[in-house]
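There are two complexes below, and they share chain A, which is joined by chain B in the first and by chain C in the second.
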Partner chain A sequence: MAGQEAKPAAAAVTGFFKAIGKFFSNFGNAVAKGDIFVKLSLLWMGAGYARRKQYIKAVIVTILEVAAIWFTLTFAMDYVPKFGSLGTTEAEMVFNVETMQSEWNDYDNSFEILLFSLFSFVVWVAFFVFWMKNVMNVYELQKKDEAGEHINTFKEDLHDYVENKFHIVLLTLPVLGIVVFTVIPILLLILVAFTNYDQQHMPPTALFNWVGISNFISLFGGGGLTVTFGYAFVRILGWTLVWAFFSTLTTYIGGILLSLLLNNAKTRVPRLWRTLFMVTIAVPQFVSLLLVRNFFANTGIANTICSNIGLVDLLRNIGLLKTNYIPFLSSPGWAHVMIILLNIWIGVPYQMLIATGVLMNLPADQLESARVDGAKPYQIFMKITMPYLLFVTGPALVTDFVKNINNFNVIYLLTEDVFVTTNQAMANSQAKEVDLLVTWLFRLTQDYYNYKMASAIGIVVFIICAVFTLFAFNRMIAGSREEDYQ
Partner chain B sequence: MSNNPKSTSTMVTASGSAAKKSFSKRQIRVFTHNLLIAVLAIIWLIPIVWLVCTSFGSYAGMNTSTFFPKEWGIDNYIKLFHPDSVAQFPSWFFNTFIIACANCVISTLFVLMVAYATSFIRFPARKPLMNVGVMLNLFPGMLAMIAVYFTLKTFNLTNSYAGLILVYSASSGLGYLIAKGFFDTVPRALCEAAKIDGCSEARIFFQIVVPISRPIIVYTVINSFLAPWMDFVYAKMILNAGVSSKYTVAIGLYKMLDKSLINSYFGQFCAGGVLVSIPISVLFVIMQKFYVEGVTGGAVKG
Partner chain C sequence: MRKNMKKCLAVLLTAVLAGSVAGCGDNGQQSSGNNNNQSSGDNSGDTQSGSGSESKDTPATSGETIKLTLWGAEEDQDLLKELVGRFEEAHSDQKFDIEIGVESESTAKDTVMTDIEAAADVYAFASDQIADLVKAGALANLDEVGAALSLADKTLDDVKSANGEAAVEAATVDGKMYAFPMAGDNSYFLYYDSSVISEEDAQTWDGLLKAAGKAGKKVGFTMASGWYNAAFFYGAGFTTGLNEDGTTTMDWNGTSPDGYTGVQVVQSMLDIAGNKAFMPMADGNGSNLIASGDLCAVVSGTWDAKTVQDVYGDGYAATKLPTFTLNGDQVQMAPAFGYKFVGVNAYSKNVGWATVLADFLTNEESQATRFEQREIGPTNLNILDTDEVKANIAIAAVTSESDFGVIQLVGGKFWDPVATLGENIAQGKLSADDEDGIQKALDTTVEGVTAALE
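Let's turn to the complex of A and B:
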């Protein structure tokens, strides 16, 4: 246990492989030591159950086995053999002599081949595990039978599912949902990154095929027509990291300062103030962000006020401004600063709520003894409050950083349609100076159907996030003191 | 933000005249302390105040000359409830409501099921499953969305309630950690006693755990009900056919701010924003105390 706490991430990985190894060795053991019916179960999965008179179970697993074979023959075989080429027959209109009409030929749809092949692989893996598990179960039955123990009837087996195996009942549907809507999509995304799926290769009218790592080469600046992608990628990655760093830091510090301010003994009606600050985050982001975007528009109210009080003229006179408005969200430098400032507006109340919750749980005995010993408020803050806050919210800081790398809402809602890039190289790769990797990725898929590059960017984002979260991961696993408070 | 000097200076003179010179040093410090908070609060609320004011202005477009509308009126609200080809607020509201209710039921069930299984039952695959969950949780949902979109498109589920509900609720089991943290604090002696008396796991769940855990269930219900109201990205991805009556509130309001429409719909946008924000704010305030507990997790002693 001590070793696990020191390196939980590594322990989790080795533990995972050990568990797999154990599973396989158990399976081998069952096959080697099992009687003829266990061995027969390798072919007909119901054999072992039928021998132990569990007929209903035998029928159920037989049906499942038939279903798996039927799935393979009628569904998987249509797609998996084409997985290597992703289809060869292009869609075209063919004149059918019998009906005297032009009809679509029997074309290949590369995307369906990719998706359904992947789906078949997942089903096969699941069935394979089930098949191995089945042999092991049958072997267990054999051992029970030989020892003369009671063998469950079907009713008892069913009852077991609300008794000892209740977790299976509970977890099946949610896990299925996660596999279909999170795991398979992630795998699919990884596969698409190695194809040329884009606007010129859109199924069903055109085929796409495997291109190896060429998408990654063009993303990292591999010359030719796609050289601008490398250019845009470096700049957007840079801004993404700068944004994530500053947005996390400013809201974190701001939140702590605000909560200290509100929780001070001098504050009158703290609840009222807290609620006022919370209004900002209770309003949905698409309302509040779209609103401030228009508040700070080139012809918006903020500009009117700034020119009324002479700020615009002042900035023009000292040469900071060439236009007769302040381009709050429409020119690179201004927009970068404004986005971080507006994020403070939207993010600080969240952090304030969290920091308030933490501050309320400050160890009172420590504060009291410090006060008795004559510590000044400043010293108490630096030596007790701050370390405690950092200790409790530290891991959240890392996850916040990763969340900000993927903070789609703030950037998209503030700058889409407002910020138009004048940098031709950026525009060539459909990027803008204020884009994060995720907003760039979103635009590539939604407006330009450039799925191959979007997938490659997606993988890069994942790697960046994974690196940063490995730090948090260690802490999270080690810090799960789940049985402490029971 | 640039207009706050005006409003704060009026505040200073107003409260300053009330303050007498006989105030002690401490009272002055208390006063400046609260004044600082008030200034911050005003800065924070300026855009919200502007939202409400604009929605009650009688001008349909964006008022760019003055902060407060020149003429007040409820025209924007009236127009909002008389749908035209662009603005179909009642049907957006209805769509979002349906999706939110469905998501609420499915997500709550999934979250509670996973949380209960991982908290109360010790089974061999528990730790590995939780580790995989941590990893998947760290994977940004946006990225998987592209592939989900392809998949839904293949099955013709884009631009439908079903597709959007699936997107919101199918993977919701991953968000079990907060509920699990709560379940971890439920006294085990109670469950063990019930077990000795011959209670099945299912009965323990429904007759012991659920009644004790009412707060976390309320939190989960509100949270999953709010998700479709707050979400923008997924809805934009799935509802891309451009049929106004099928939008959710978020997409509908976003489209109102299109360059060609903003001059005649900005007022309605504000009115819609106010109407949506009111119920959401109420629910948000109810659940905010759980939110704090959830984020800081087990690290905070209760």
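Let's turn to the complex of A and C:
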């Protein structure tokens, strides 16, 4: 099984590299076999088009070429040469009373150098590919010309983009958006993980520089300045996985049971019930979670009730409590359980919706024949309903797990300001027992400006999620199982 | 992370803009990054020669509109609008474009440090943030830019002498003044219900807890916060300090100059926290709890004055922090005494006028208006001396603490470990008999607080 699954993945990877190789060999071919104008296109990108009388195209690519050169000279050259050191001149200023303004030296800003260098690299790579593609296009034109085929006019080319190559037109904007809003920030995050960008090295006043992999070494307990960082990391990672597992499992099972209950013929007014459960979705999470947090605070209403009915004293007397209150959300064991329980309340309605949808599409013939064969409801559930549900909702389950690894809202809103850790080693690394990697990361950047460690943690979270998703998807959506339900 | 992303995007967009501006001609003034520094240098050069020919004494830059951004607390917006109006009137020969934004004093540092160059020219912040802000270069050195105050016909020395000595000292880092003192009530003291607790009981923790226990009520204190629980340690003579590299010094695991050990202090705190009439509060959750009416006394600050007054009614009273029993003695708790400041962004384009505005917002007249409209305790000595200020129960209580209050100098690593120490005490995770355990907990706390910044 595993071997079979590995094959498509491996084929995809080799296919990708083959495609790149082919691109380069095509380019080499075009340069070698092209006429003088194709070769001239290496320098002046419009040359080939001009020779084939595609003047408008020639002007456009020439403008792009000039723009790229101008971008390089006026923008990229300000930053890229400093990319290796991330800047050397620290900011200094002198106040000038006459002008009422400060006079600054020509200082370096490490963050801008990093960001704008990266931006330049991306632009250059894009332009380089465009430049190679251009030579290949021109060579195609040459071949067409030699074969005496019709060469498109500019109008025909435009028409072609609407008729035959419409997908390119459609995808241009989204791809551009992904590069600017996703690819560049992610690459930046990765780069920051290899610098010492933190409170001690905050641009613009101070500079930061490259430190290699030392952030990862201290993250995994390699000593250095952060003695307890590795300690905290392992515990937080553990709780993150435990949380993701239980929160996914409990809401999934809860959702299925609830929808079975609501779908049962004996349930009266199922619509009313369903609507009631949906209300939790309708109220924004941060409102309901903050309210619940106050209910279960050390001095909240839940504690008042418990102490009025004598539960607090009872627990105190049998030695389960040392405090005047039940630490629902403020002591590790209690808080861990409470968070998972509260998450059931938040998460079940979503799962119920999904399960209801799937249950409505259960293959009726199978249920019917099972009943004819005398299967009991429990057997039907275990042998037909559940396997079918698992099969259909499997992918959603994987996404849920990954989503829960990064479930910032529930954890942060329920514990921020309420939970104070009693574990001193954790506190020394600004961590809490109830933190997920993502909330820890948030506070490190937000409260402690520890961007370098936050980036390192971010990369680790990404790797965990990516590996898990790949593995789980390969297992669950193995092609062979699909036929079971056809 | 999220903020960082936002910042990236902002920078990217500015990059695109900067590119287009520079494209139109090569004299882009407001483009971002390094280009900017050169061009502002050119600008100042030009203006310098221009104004130099006019007159040498008065630094005048009229003609150009001065653009400034000002950040203040949400509750202060109306007040700030009024004060800015007066400021523009006072300097009517100069055109201004002053934009007022909302930024709480308690979170100013976080927002400013996310992108100092994009932060406001003038902003209000709580005094505990000053060390980090100075370290990040986000505050202009007033000893340097204070010369601009000649526009308001005063000098920095006038500012220093007009405000309380302690307030000026708190605004000073490494011998240089970095901010204008605005408010002197950023500390905590004891509110109590005089119908339950007598004035005498309110003087000691023992008396408080006893009276509260008798009445079936509770005394609220925020144990799990390094701002509040430090009052026990400061009272016993322990200290915290800030090194030049941003790390914190702390001696709580040793013996104080007064002869008390840190272990003894923790034992006293455990004694208080273990009392049934003691109610540990969560940081920032005070108002809810006070409103519930369970508390007959609570340690909080002027921000809760109205809530407490509503709940206690005629019994409303406030006084300095109580004393606590330490090794058989009654020792006065020494609160972390904080101020609210107005600072000038070092990266401001118009740092001179920004300084003049910051001074105006904190001068005697403005502080008087602030007290009238918002009941915020002043730092200006003349206003502190007025009968109105003295008659305000809460402000009288907090200002009475300025004699023994401690200016809390700590770095960012202080808060989490000390909060954890307090939480351990509040939850009774430490035992008063286990001196070794307490010592070890204190050692770990000190280790975490004094750790190098990574």
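Everything below uses one rule, namely that the second predicted complex is superposed on the first by the 454 of 486 C-alpha atoms of A that agree within 3 Å, B and C clash if a C-alpha of one lies under 4 Å from a C-alpha of the other, contacts with A are read in each partner's own complex, and residues count from 1 in each chain.
Operating definition for what follows: contacts are C-beta pairs under 8 Å (C-beta built on N, C-alpha and C of every residue); 3 or more make two chains touch, one makes a residue touch a chain.
Note that this is a predicted model, so its numbers are computed, not measured.
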item	value
Partner chain in contact with A:349 - chain B first, chain C second, else both or neither	first
Which of chain B and chain C A:202 touches, first, second, both or neither	second
Touched partner set for A:442, first chain B, second chain C, both or neither	both
Chain B versus chain C as contact partner of A:369, first or second or both or neither	neither
More chain A residues in contact - chain B or chain C	B
Touched partner set for A:14, first chain B, second chain C, both or neither	neither
Touching partner for A:218 - first (chain B), second (chain C), both, neither	second
Partner chain(s) touched by A:25 [first = chain B, second = chain C, both, neither]	neither
Chain B versus chain C as contact partner of A:291, first or second or both or neither	first
Partner chain(s) touched by A:102 [first = chain B, second = chain C, both, neither]	second
Those residues of chain A which chain B touches in one complex and chain C touches in the other	111-112, 115, 180-181, 184-185, 188-189, 294, 297, 299, 417, 438, 441-442, 445-446, 451, 454, 458
Sites on chain A touched by chain B in the complex	12, 15-16, 19, 111-112, 115, 162-164, 166-167, 169-171, 173-175, 177-178, 180-186, 188-189, 192, 258, 261-262, 264, 266-268, 273, 275-288, 290-292, 294-295, 297, 299-306, 309, 311, 345, 349, 353-354, 356-358, 361, 391-393, 395-396, 399, 402, 405-406, 408-409, 412-413, 417, 438, 441-442, 445-446, 451, 454-455, 458, 461-462, 465-466, 469, 472-473, 476-477, 479-486
Complex contact set, residues of chain C against chain A	1-5, 8-9, 11-12, 15, 19, 22-23, 32-35, 37-38, 40-41, 43-44, 47-48, 51-52, 56, 59, 61, 110, 113, 116-117, 132, 135-138, 140, 144-145, 147-148, 150-151, 224, 245-246, 276, 278-285, 288-289, 292, 294, 346-353, 412, 416-417, 419-424, 426-429, 441, 444-445, 447-448, 451-454
Touch list for chain B against partner chain A, complex	1-3, 29-30, 33-34, 36-37, 40-41, 44-45, 47-48, 50-51, 62-67, 110, 113-114, 116-117, 119, 121, 123, 126-129, 131, 134-136, 138-151, 154, 166-167, 169-174, 180-181, 184-188, 200-202, 205, 229-230, 232-233, 236-237, 240, 250, 253-254, 257-259, 262, 266, 269-270, 273, 276-277, 280-281, 284-285, 288-289, 291-293, 295-296, 298-302
Chain C-touching residues of chain A, taken from the complex the two chains share	70-71, 74-75, 78, 91, 93, 95-109, 111-112, 115-116, 119, 180-181, 184-185, 188-189, 198-200, 202, 204-206, 218, 224-229, 294, 297-299, 322-324, 327, 330-331, 417-418, 420-428, 430, 438, 441-442, 445-451, 453-454, 458
